[in-house]
Amino acid sequence: MDPVLTQTIIIGLTGLICGAILAIAAHFLAVQENPRIEKVTGLLPGLNCGACGFAGCADYAKAIVTQAAPVNLCQPGGVETVAILAAELGVQAVAAERLVAIVLCNGDDSRAARSVVYNGIADCLAAEFVGGSGKACRYGCMGLGTCARICPVSAIRIEQGLAIVDPAICIACGKCVPACPRTLIKLIPESRSIHVLCHSQDRGPDVKKVCSVGCIACTLCVKICNGQGITMNGQLAEVDYSVPLDNDEVIEKCPAHTIHRRTGRKPEKPA
Amino acid sequence: MNIISSLFSGSGGIHPNDSKKGTATQATVTPPIPPLLAVSLSQHLGAPSKPLVKKGDAVLKGQSIADSNGFVSSRVHAPTSGKVVFVGPRMTASGKVATVVEIETDGLDQPFISEPPAGDWTTLPPRELIERIHQAGIIGMGGAGFPTHVKLSPPPGKTIQTLIVNGAECEPFLTADHRLMLEQAESIIAGIGVLQHIFKDAQVRIAIEDNKPDALAALARAADKLTGDVQIVRLRTAYPQGAEKQLIYSITGYEVPSGGLPMDVQALVENVATAQAIGEAVIRGLPLIERLLTVTGPALAQPRNIRALIGTPFSDLIAFCGGPRGPIGRLICGGPLMGIAQSSLAGAVTKTTSGLLVLPPEREALFSSMPCISCGRCVKACPMRLLPSTLSEASETEQDAIAEEFNVLDCIECGCCAYVCPAHRPMVQHMRRAKVRVQSLRKQRDAQKKKQTS
Amino acid sequence: MEYILLIVGAVLVNNFVLTRFLGICPFLGVSKDLPTAVGMGGAVIFVITCASAVTWVFQYWILVPLHADYLQTIAFILVIATFVQFVELVLKKSSPGLHRSLGIYLPLITTNCAVLGVAVLNIKKELPFLKSCAFGFGAAAGFALALIIFTGMREKISRANPPVAFQGTALALVTAGLLSLAFMGFSGLVKF
Amino acid sequence: MNITPASEWLINSSPHVRTDDSVSRIMGRVLIALVPALGAAIWFFGWNALRLTLACTITCVVAEWASRSLMKRDRGINDLSAVVTGLLLALNLPPQLPTWMAILGSLVAIVIAKQLYGGIGYNLFNPALIGRTFLLVSFPVAMTTWLAPSVFPWADAITTATPLGIWKTTLNATQQAPPDFFKQFPLSDLLTGHRPGCIGETCSLALLIGAAYLLATRCITWHIPFSMLFTVALGATILYKMDPTQNLPPHYHLLTGGFLLGAFFMATDMVTTPVTRGGMVVFGIGCGIITLVIRKWGGYPEGVSFSILIMNSLTPLINRLVRPRVFGHAPQSKPA
């Protein structure tokens, strides 16, 4: 017989038989899958950061397709992703304003006093068990960098014992928020630029003892802006981020230099 | 009363130098009333108490200054008469911020109630006895501070067969319970009598380590007054013999199931100090406003056992003990193995403060960041039979799933692993960190499950 | 006895991963956690044992009579591919979690040189049918054993603190090398 | 009242006391325990022993220091573990081995087997054994050429073979036990160390003294060495009873080769062995079985180092699978 023919027949028949076996098996063992889930997964950024509240991009995609979850939950994706998803699924969705994280403490080593020497694991959660990393303030940043380590995009750095978020890099995944045992990190709309960088509930004199830039609860800022944008929460002035606030007077008048302007915006992209 | 030896011997444990000689033979002394008392409203486990007084109020000794805020909560009383000068958040000895009531004492010590409760308490139903205990603000004085009235009210279906009175006092340095057993054995036994009324058929086991033969003898003598199934049990001296789960095992041979409570093996453990306080509350109507504690340590001039009012600042206690001898390196509230390091002298005595330890500076830091060398000493020492070596590495590298698989949640934080570790790793801190992380992992997982099912 | 020696030889002495360096890809790829590794080991044992049997039949009943043994490689791959697809279907149905964690490495068994290697070695050594199966099983068991041991070691490495340049696969390869060094102790154990 | 300002206080998590023991003390004790063996090595092999010991120890320490500096990590050589590795490697080398090979072996041991993993505590294999096995596989001739021991003052040495080597080659060649084997290597020579072999493994008495010291100071526990010893003794006895002409008697298994050095000093390396006591027993039994299998059926005359390395590789699995029952996790009957 012609070797070419033999070859063709053998391989052809083998292929046929194998194919048949697989076809039968596939019929009996078929698993239903929704092709749209995969497509939507592809449209998401794939960071698996969990900011949407689902276990990862694939999970969120599944929820969008099967449970009609809102399409504007993806923080890293931002406006573009929301638009793409909305177009893909034929739904109306408004992108929420981009958020950025901010650390509400300004007590670095030059401003916050140290009271004891901490001997233990270099981790904020671990240090909180023994009352902190040695800084006298019980409310401020411990500076051991748990938030910096958890940040998937390295947007947080530790400078002189203080965590600082770089808003240009932050993707607002929110992982750092629960990571801070002192709940110092907040996600805020990026257009808000005035912040009370303190979290201390201590009374003024006690704050003064431990930090040179802590809020002493003088309530001056609240009076200046008539309670619109800054309110008192116990012994602490807090910015109400739901209200736009753009008043340089509060910064200038704050006797403890607790209030600062920090822009949360990404630098404008060159057109 | 006969003294029997415990039948069961748990695994693990350590034998640190007990350092009790300095204070074990010293009678308890009562310092003068301090000028200022700082009474925390979060001395117990559970919801912090609701303050009943405000700045400027005058209070009398034994007057309730804070009420329970929910079932698992407790009351707090003014330890002496005086004026409230501050109510607000303060750093407490537990290392956490809590609401504190500061009382400027007037030195008159005027009592709020002078008469013991009328009527024969033995005729009252258990429910009312428990209510008296609640009213007196009694919580577990061994360290955990679980509200006693909650512990004494097991849910329906649970019975208590063995009532264990814990006089083990296995922590080195501490001798307050030891002195209490010697000096107030009668009063402890009276408290046990009250507990017998609450749990009618329970057998009573008074557990004491064999390094305190005088306490064993004293309680054996006093316990003759009790009726029913009562025995004094001599325990092998080891740390952590007095830990609740280990103690129940030593006495009954039953292991409290993982995640369970002593009542799951029909046992109930009360510290001797708590038992004494129960007696005082039910029989004499006195709230819990003072306790015995040991103020000791190599850096202290005159170590002493002290009967201190709740809220006494640590600085007053140290001054009363002659001040420090040489420089202080660390100040520990509690024993050396489970106590809490203080970052200032501002802390004050709470109902769970069993001691105050003043330590000199160490030549080298206690803990280092050296890696685990897998020597297995912690595995041998762990009374819960965990693998602390693996767990600490899992905590270090944040492998929470591994930590969970290796049962980190069963850790009782006794400190045996860190005590024996030749690499000087901060094992307990690793465990606590891993526990918190595993718990949040579980919460996340539950939330995810809920989301998927909904 | 002969069969036992054959299997022992294939598992310990001429371990496919550690001495022949076949099948390194899944060896590195799916050795990150134990259940996955055990699943992969099972899948490989199934595929190799069956493939040994089927390729033997194929070789001696079809290719040899037809004088077409030059088609060996391509025909074997076809058969193996079918088996792998079958395993994949079964796994996808029965344990989707394992299927997901095996990921790309499951279909890659097809091109796993170990599978083809066993089939070709069987023919080359002119082993009879049952011995082919035993050898296939032994080789696969050796792969599974090495994979499981290696998984345990990688779990330990995952808590180690290597220099940055060696993190991940680099250190895994070094470890594989050291493991193979240790397994050289078995050399000469079975003369085969 | 004069109280130290709190800013000098230390805060740490409980406990606030700890053992005085430390890793460097443990390593120091291992070094002390090795002194008798080192002495015997120098007594029998003279200058060669000294040369190898110095070469390995110095190379290990320098390599450790250099790797730590290269990685910009703290904590260099003060935990003494590099010294222990160097000394153990030296004691596991044949006397005539060229110095450069000893240096190479030490470099492999420290750099590849230890520092690549991050240093002490993280290595998977016993570094000294990796160094030795690497040399054995790379330079089989140099690593299996032995010198007869010659007591001080050291004469010119004669090349010979180790007892296990002679046994295996003769048995393989003639299917019979070597004649005069037991006359050539009387038990007394095995105990004193007057036999060819690696420089540190020959003197059983010195090794046993060191082992007793390690056990007495609780540096090691009995679990690994004795379960290993017991397994080999049992297995060897069974084989010997089955056919005394083809098998070595059990005490020869225990006293020849590197068994004692391996069982008490290498298999007890903390980092690479299991942490649970049950796991340690499993580890020891495994080492014993593999040692015996390689000695009896394998291509190498000696299998102790390989057996320990193979069990090292199984340690993570043993740690995971052989765990004590956690308190409160038992299926226990509740009180009635």
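Just so it is clear, A, B, C and D label the chains in written order, and each chain counts residues from 1 on its own.
As a convention for this text, contacts are C-beta pairs under 8 Å (C-beta built on N, C-alpha and C of every residue); 3 or more make two chains touch, one makes a residue touch a chain.
Just so it is clear, the model here is predicted, and its values are computed rather than measured.
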Chain pair, A-D or C-D, that carries the greater number of C-beta contacts: C-D
Chain of greatest Cα-centre distance to chain B: C
Interchain centroid distance [CA atoms averaged], chain A/chain D, Å: 51
Averaged-CA centre spacing for the pair chain D and chain C, given as whole angstrom: 33
Inter-centroid spacing, chain C versus chain B (mean Cα positions, whole Å): 58
Separation of chain A from chain B, taking each centre as the mean of its C-alpha atoms, in whole Å: 40
Junction residues of chain A, two or more chains touched: 115-116, 119-120, 126, 129-131, 134
Contacts with two or more other chains, residues of chain B listed in rising order: 340-341, 343-344, 365-367, 371, 396, 426, 429, 432
Touching two or more other chains - residue numbers and ranges from chain D: 6, 8-13, 118-119, 122
Chain contact topology (line, ring, star, complete or other): complete
In the complex with chain A, residue positions of chain C that touch it: 58, 62-63, 66-68, 71, 74-75, 78-79, 81-82, 85-86, 89-90, 92-93, 96
In the complex with chain C, residue positions of chain B that touch it: 371, 393-394, 396-397, 399, 402
In the complex, chain B residues that touch chain D: 10-11, 16, 161, 172, 245, 249, 252, 254-260, 264-266, 315, 318-319, 323-324, 327-332, 334, 336-345, 357, 359, 361-362, 365-367, 370-376, 378-380, 383-387, 389-390, 406-407, 410, 413, 415, 418-424, 426, 428-429, 432
Touching residues on chain A, where the partner in the complex is chain D: 114-120, 126, 129-131, 134
Complex contacts: residues of chain A adjacent to chain B: 53-55, 63, 115-116, 119-123, 125-126, 129-132, 134, 136, 138, 178, 201-203
